[in-house]
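Look at the two complexes coming up: chain A is in both, with chain B in one and chain C in the other.
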Partner chain A sequence: MNVGRAIPYVDALERVDGSIGFTINLEVPGMLHARVLRSPSPHARLLKVDTSRAEHLPGVVAVLTGVDFRPASDMELLYGGMNGDQPVVARDKVRYVGEPIAVIAAETPETAERALSFIDVEYEDLIPVFDPYEADTEDSSLVHDEYDTNVCSYFKLRHGNVEAGFAEADRVFEHRFYSPAAQQFPLEPHVTIASVDASSATLWSSTQAPYPVRESVAKVLKLPEDKVRIIVPPLGGGYGAKNFVKLEPMVAATARKAGRPVRLALSTEEEFVTVTKHPAVVTIKTGVKADGTLTARKVDIHWSGGAYADTTPPVARGGGVTATGPYRVPHAWVDSRAMYTNLPQAGSFRGLAVNQVVWAYESQMDIIADALGMDPLEFRLHNLIDEGEEWVTGERMDDSHYKELIREVADKIGWDKPSRSEGHLKRGKGLSVTLKSTITPSTSRASLKVDATGTLWVLASSVEMGQGVKTVLSQMAADAVGVPLEQVRIVDPDTSVTPYDMTTSSSRSTFSSGGAIRNAADSLKAQLLELASEITEHDPTDIEIVDGFISSKNSPGKGLLIGELLQKSDRDELFAEGTLETQGGLDPETGQGKASDHWHQGAGAAEVEVDTETGRVAILRYHAASYVSRVINPTNVRLQNEGNVVYGLGPALFEEIIFDQGRVVNSNLDSYPIPSLEDVPKHLSSSALERPDAEMPYGVGENTLPSVAPAIANAVFWATGVRIHDLPITPEKVLRALRAKKEQN
Partner chain B sequence: MRPGTRSQLTTQELRLQLNREHRSVEVETDETLLSVLRDKLKLYGNRQGCGIGYCGACTVLVDGKPVSSCIMLAVQVEGKQLTTVEGLSKDGKLHPVQQAFLDHTAFQCSYCTPGFILTTKAMLDEDPSPSREEIREYLVGNLCRCGSYYNILEAAEEAAVRMQAKKQVASD
Partner chain C sequence: MLAEHKDEAKVISGGTAIVPLMQEKLLAPSYLVALYKVPGLDYIRHEPGLGLRIGALTSLRDVETSPLVRQHAPVLSYTASLIASVRVRTAATVGGSLAEANYASDPYGVLIALNAMIKAVGTSGERTVRMGDFITGHYRTALQPDEIAVELLVPEVSPNVSATYIKYTTRSQKERPAAGVASLARLDDSGACEELKVVVTAATETPQVIVEAEQLALNKKPSLSLIREIALRYSQQIEPLEDHRASAWYRRQLIEVLVQRSAESVLRIKGE
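Here is the complex of A and B:
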């Protein structure tokens, strides 16, 4: 058995010798280099884009602008984004600082870079809108004139009678919590190479979403989807930044115009205007009885989606549906409004959407516990849903383990033992719990092939971005067919070879692609047994496949290797397909239905030390726990669970993109630090809860990330009595709150 | 300067010891060491990261000391000993630091891994038995966005122990 074992990454060797083939290393013969002219204005009409001087420079081969997308041209301007709202390059209007206006392809990157200053652009500035509330007013200027509204996506949940619920309550609490924009910051930037001719296109791209990219590129190039091939080498980090469609339409269109392959790799500064975490304001009103029983919750979320939809609709939905938390809330009302704003598009971010709402509901849980004089752990245990309970969507929450998870982290952090404070160093502990949906409905397909050498080929379109998906899927395939891991080969996604998968996101690959592989394995095994039965004249039900060896159950030891069987039967290969499709969906008016095939569940506990003289928060200890149903590889599980905590420390304590009139002020590590070894807690640990009889693994993904910020804020509160509502929890904010508290007393 | 030309730039013959071999390569005087390693010598283990010397993904060893090759001019390494991740394994065998990173899965996406491995090697060459705190301090200039820091600390400690043991055997 391979499942459940700490098997090293199947590509570990190339990761430590440095030879792993990232997209950024690729070169295609005759390739040109692209640079992008970007808007300096957050909102302006484009009066003139004159590229003639740039086009005549030696070494410049093509310049792409909005003019190339005239109605009769061979390319279409608008693509994807969930709302089909995004132009390949700006045409009539620019909508954020950094929006592409022109792409220059030249013989060298330096030539392309220098040529940018030879494009003449005239703008007529328009009034920009940055704040999602302001964008949600009638007299706000419109980011997209043709829509008559700035609402990009609106998710509603209506359950019970929320006003009656507040009437039943003894106390009602209302608070507002804020999360700013942040940068995913994969160390490998977005990079795409496109090779395009009149009838087909091939792209190599650092994307988490090969199939959505194929769809968008096909649309832009006016080609059938099967004429567009997307090849995805391993990613040097993604964290949501590379989910959905990013550079690909722009690079493909430039390559068509140039008649030669084109490569574009972004600078770090460009990453900051390509995608961000959604800034969000969450207003949460909660009714509670004197004994601590929740009666109602009403949540308003305003997301700033930036200028284009990208993955904003699933963010509004994923954050909206989970905004009341994994609690028993008889009456619930959620308005989750995602607004277009004149900022770079916000998109998927590790812990998608849930980061922002967990920050709100788990901070408020501690505020309420304190007001009622209840222990935060007891207060949560009193309200957390149990196995099989009905939830605010009306769905039954089977396989719920929130109580186990919060007990686990509380126990590991020594919740019962008081923290010792000394002088100006105040210590405290905090808890948080998280629930997160996975995209439902969704589809993954996978294929398996055995050849006459006995090699088992796994074909799936889950992107390897460091999460170890190739290792985990290989383990699952090996066991499902019954071959040794050494005989398994897994290829990188290539839409001309590997079958459809929605995206590598939403913590879904182990479950979805893994499930599809298991289904394919059933069919492959049946074919193998059938073939073996023909050769050996045993009944298929008497034959088994163990360690790549096919033998009769009655006479083990006597049999054939898979490769031998194929050779004997004169077959080159056997091939099988599998699909995993999940069902569900929500009523658009009420948010009632089935939100998620299964639920991602996590919890975290922090012990912090606050220096009340400097406001600095040090994390002494952190324990994270997630429910994974079944562990495929304990090494990978730990890396993801603890990696989430490290990643989460950034937005919790210091990461924030600062905009000045829509322009990013801090667009690299000198002004936007990310966690280093200095920031990692001295004691960091994690656990993965399993169910012994679990059939399907749920995967790990992002479960343990969203709890990091509220667990820390709650610990800061119990250490000092000050409550931070706005992320990140910087020393300045803590000091200011401490002073305010002092003045009050 | 006229765009599209490089007429003002001068080139220079750079001679150095790259991964224990004498090498000579023509470079432009304004070219970074990272660009020469990646674009001219095709040594892709040296990663382009933040471009301003903060992330450590482009770390190489110059005369045994870690430097950010994205902010060092290639001409500055004239006559020096340069070690990149490609030069660590010997006779097909991984360097003990690489082996420890492999054994502890001290990576996820591994974009930062060569930088961490080279910095760890430099640290252990300076101080064969650092404490955990010293390791944290030495490696603070290398960033891992996936967050595999705990495995990295464990790998660095293990590498120290193994290299010590090897030295012990050699001296016995």
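Here is the complex of A and C:
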């Protein structure tokens, strides 16, 4: 058995010796280098884009602008992961600082860079809108003139009678919590190489979503989808930044115009204007009885989606549906409004949408517990849903383990033991719990092939981005068929070879692609047993496959290797397909229905020490727990559970993209630091909860991330009595709050 | 070359200062004068009675790990260990990091407290500049366009001196300081203060010393109230700047707390 074993990454050696083929290191013969001219204005009409001087520079091969997308041209301007609202390059107006206006392809990157300054652009500035509330007013300037509204996506949840719920309550609490924009920061930037001719296109791209990319590129190039091939080498990190479609349409269109392959790799500064975490304001009103029973929750969320939809609709939905938390809330009302704003597009960010709402509801849980004089752990346990309970969407929450998770982290942090404070160093502990949906409905397909060498080939389109998907899928495939791990080969995603998968996101690959592989394995095994039965004249039900060896159950040890079986039967290979489809969906008016095939469940507990003279928060100890149903690889699970914490420390404590009139002010590692190893808590640990009879693994890529910020904020509160509502929890904010509290007393 | 091209030319050694500036298009020199192959500027020597002599092309990592620096100026070795990351320290040179004069840097305060000097060589010859006069503004030094720094001289530190440096970051531990305080004190046998130096860095464009506050400690036995008074004067008399690491208000609070902690450490607890 390989499942359940802590085997090393199957690509560990390539990662260490540097031979792993990231897209950033890839070169295609004859390729040109692209650079992008970007808008300096957050909102302006384009009066003139004159590229003639740039085109005549030696070494410049092609310049792509909006003019190339005239109605009769061979390319289409608009695409978009969700709404089809995004132009390949700006044509009539620009909608954010950093929006591509022109792409130059040249023999060298330096030539392309220099040529940018030879493009003449005239702008007529329009009034920009940056704030999602302002964007949601009648007289706001419109980001997209043709829509008559700045609402990009609006999710509603209506359950019970929320006003009656507040009437039943003894106390009603209302608070507002803010999360700013943040950067996903994969160490490998976005990079795409495109080779395009009149009838077909091949792209190598650092994307988490090969099939959605294929769809968009086909649309832009006016080609049938089967003429577009997307090849995805392993990614140097994704974190959502590479979900759905990013550079690919722009690079493909430039390559078509140039008649030669074109490569574009973004600079760090360009990453900041390509995708960000959604800034969000969450206003949460909660009714509670004197004994601590929740009666109602009403939540308003305003997301700033930036200029284009990208993955904003699933953000509005995913954050909206979970905004009341994993609690028993008889009466719930959620308005989740995602607005177009004149900022770079916001998109998927690890812990998608849930980071922002958990920050709100878990911070407020502690505020209420304090006001009621209840222990925060007891208060949560009193309200957390149990296995099989009905939830605010009306769905039954089977397989719910929130109480176990919160007890686990409380136990591991020593919740019942008071923290010791000394002088100006105040210590405290904080808890938080998280629930997160996975995209539902969704589809993953996988194919398996064994050949006459006995090799088992796994064809799936889940993208390896450092999360170890190749390793866990290898383990699952090896066991499902019955071959040694060494005989398994995973094929990198390539839409001409590997079958459909919706996306590598939403913590879904182990579950979805793994499930599709298991279904394919059932079919492949049946074929093998059938073949073996013909050769050996045993009944198929008497034959088993163990460790790549096919034998009769009655005479173990005597039999054939899979390769030998194929050779004897004169077969070159056997092939099988499998699919995993999930079902569900929500009513658009009420948000009632089935939100998620299963739920991602996590919890966290922090112990902090606050320097009350400087406001600096040190994380002494952190324990994370997630429910994973079944562990495929304990090492990978631990890396995800703890990696989430390290990743979450940045937005919790200091990461924040600062805009000045729509322009990003801090767009490199010097001005926008991310957590370093020295920022990792000295005591960082995690647990993975399993169900003994569970067959299918659940995802673990995000479960423990959203709790990091509220667990820390709650610990700061119990240490000092000050409450931070706006992320990040900087020393300056904490010191200001401490001073304000001192003045009150 | 520097004399010929003046501001059109810039010096590069480790590249950790100038390359980011060029990437951000804050600098676009026509010529880069590379010093990496200039021989004889990568050394750390100790000359009894004179002090430590450190060549301008010595890496910060070498300063951090040098047994000579550890022995004769341990606070400098400690301060070097706090700068950026091992990778950056291995590439960055002493001369480059001094000549960069980025206000948000760690080593300037300690070097001023240690009375360090910089030897500069230009077309008109050689001269020595006191570290306290070297940094004249953000990205500005006393170096003339045709001069380069060739050596850092750290005078002998007497054995009854204690010195320390506090680096304070507001975001990642690995980033540049939002404020730094270097302190150095010498106490006589009776415990009275013979010398106190306190330098605040990274809070303003140039390192700050409030001499009148330092002198409060002279010939007195240090007390908590004395240290508080010194800290208060530093925070009142320095006009901090504001950037994305901290506001001016916050830096003022930090100066008071960090000066107090730093002075307490050198005046009451002998160490470093």
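List of remarks:
Note that in this section the second predicted complex is superposed on the first by the 745 of 745 C-alpha atoms of A that agree within 3 Å, B and C clash if a C-alpha of one lies under 4 Å from a C-alpha of the other, contacts with A are read in each partner's own complex, and residues count from 1 in each chain.
Going forward, a residue touches a chain if its C-beta (ideal position, glycine included) is under 8 Å from a C-beta of that chain, and two chains touch if they have at least 3 such contacts.
Computed from a predicted structure; not experimentally measured.
Touch criterion met: A:Asn25 reaches chain B, while chain C stays clear of it. With both structures placed on the common chain, the touch criterion links A:Asp570 to neither chain B nor chain C.
In the overlay built on the shared chain, the residue A:Glu589 is in contact with neither chain B nor chain C.
When both complexes are overlaid on chain A, the residue A:Ser676 reaches chain B and chain C alike.
Within the superposed three-chain model, A:Glu146 lies out of touch with both chain B and chain C [touch as defined at top].
Chain A is touched at more residues by one of its partners, and among chain B and chain C that partner is B.
When the two complexes are overlaid on their common chain A, residue A:Asp291 makes contact with neither chain B nor chain C. Look at A:Asn668: by the touch rule set out above, it reaches both chain B and chain C.
Of the two partner chains, chain B is the only one touched by A:Gln467; chain C is not.
Of the two partner chains placed around the shared chain by superposition, neither chain B nor chain C is touched by A:Glu138. Once the two complexes are overlaid on chain A, the chain A residues touched by chain B in the first and by chain C in the second are 267, 668, 670, 674-676, 678.
By the touch rule above, chain A contacts chain C in their complex via residues 267, 269, 613-614, 616, 650, 653-655, 658, 665-666, 668, 670-671, 673-676, 678-679, 730-732, 735.
Listed in rising order, the residues of chain A touching chain B in the complex are 8-9, 12-13, 15-22, 24-25, 57-60, 106, 110-111, 114-115, 117-118, 185-189, 234-239, 265, 267-268, 465-468, 635-636, 639-640, 642-647, 668-670, 674-678, 680, 684. On the chain C side of its complex with chain A, the touching residues are 20, 23-24, 85, 168, 170-176, 244, 246-247, 250, 253-254, 257-258. Interface of chain B with chain A (complex): residues 3-6, 38, 44-52, 54-55, 57, 84-86, 88-89, 94, 98-99, 101-103, 105, 107-114, 117, 136, 139-153.
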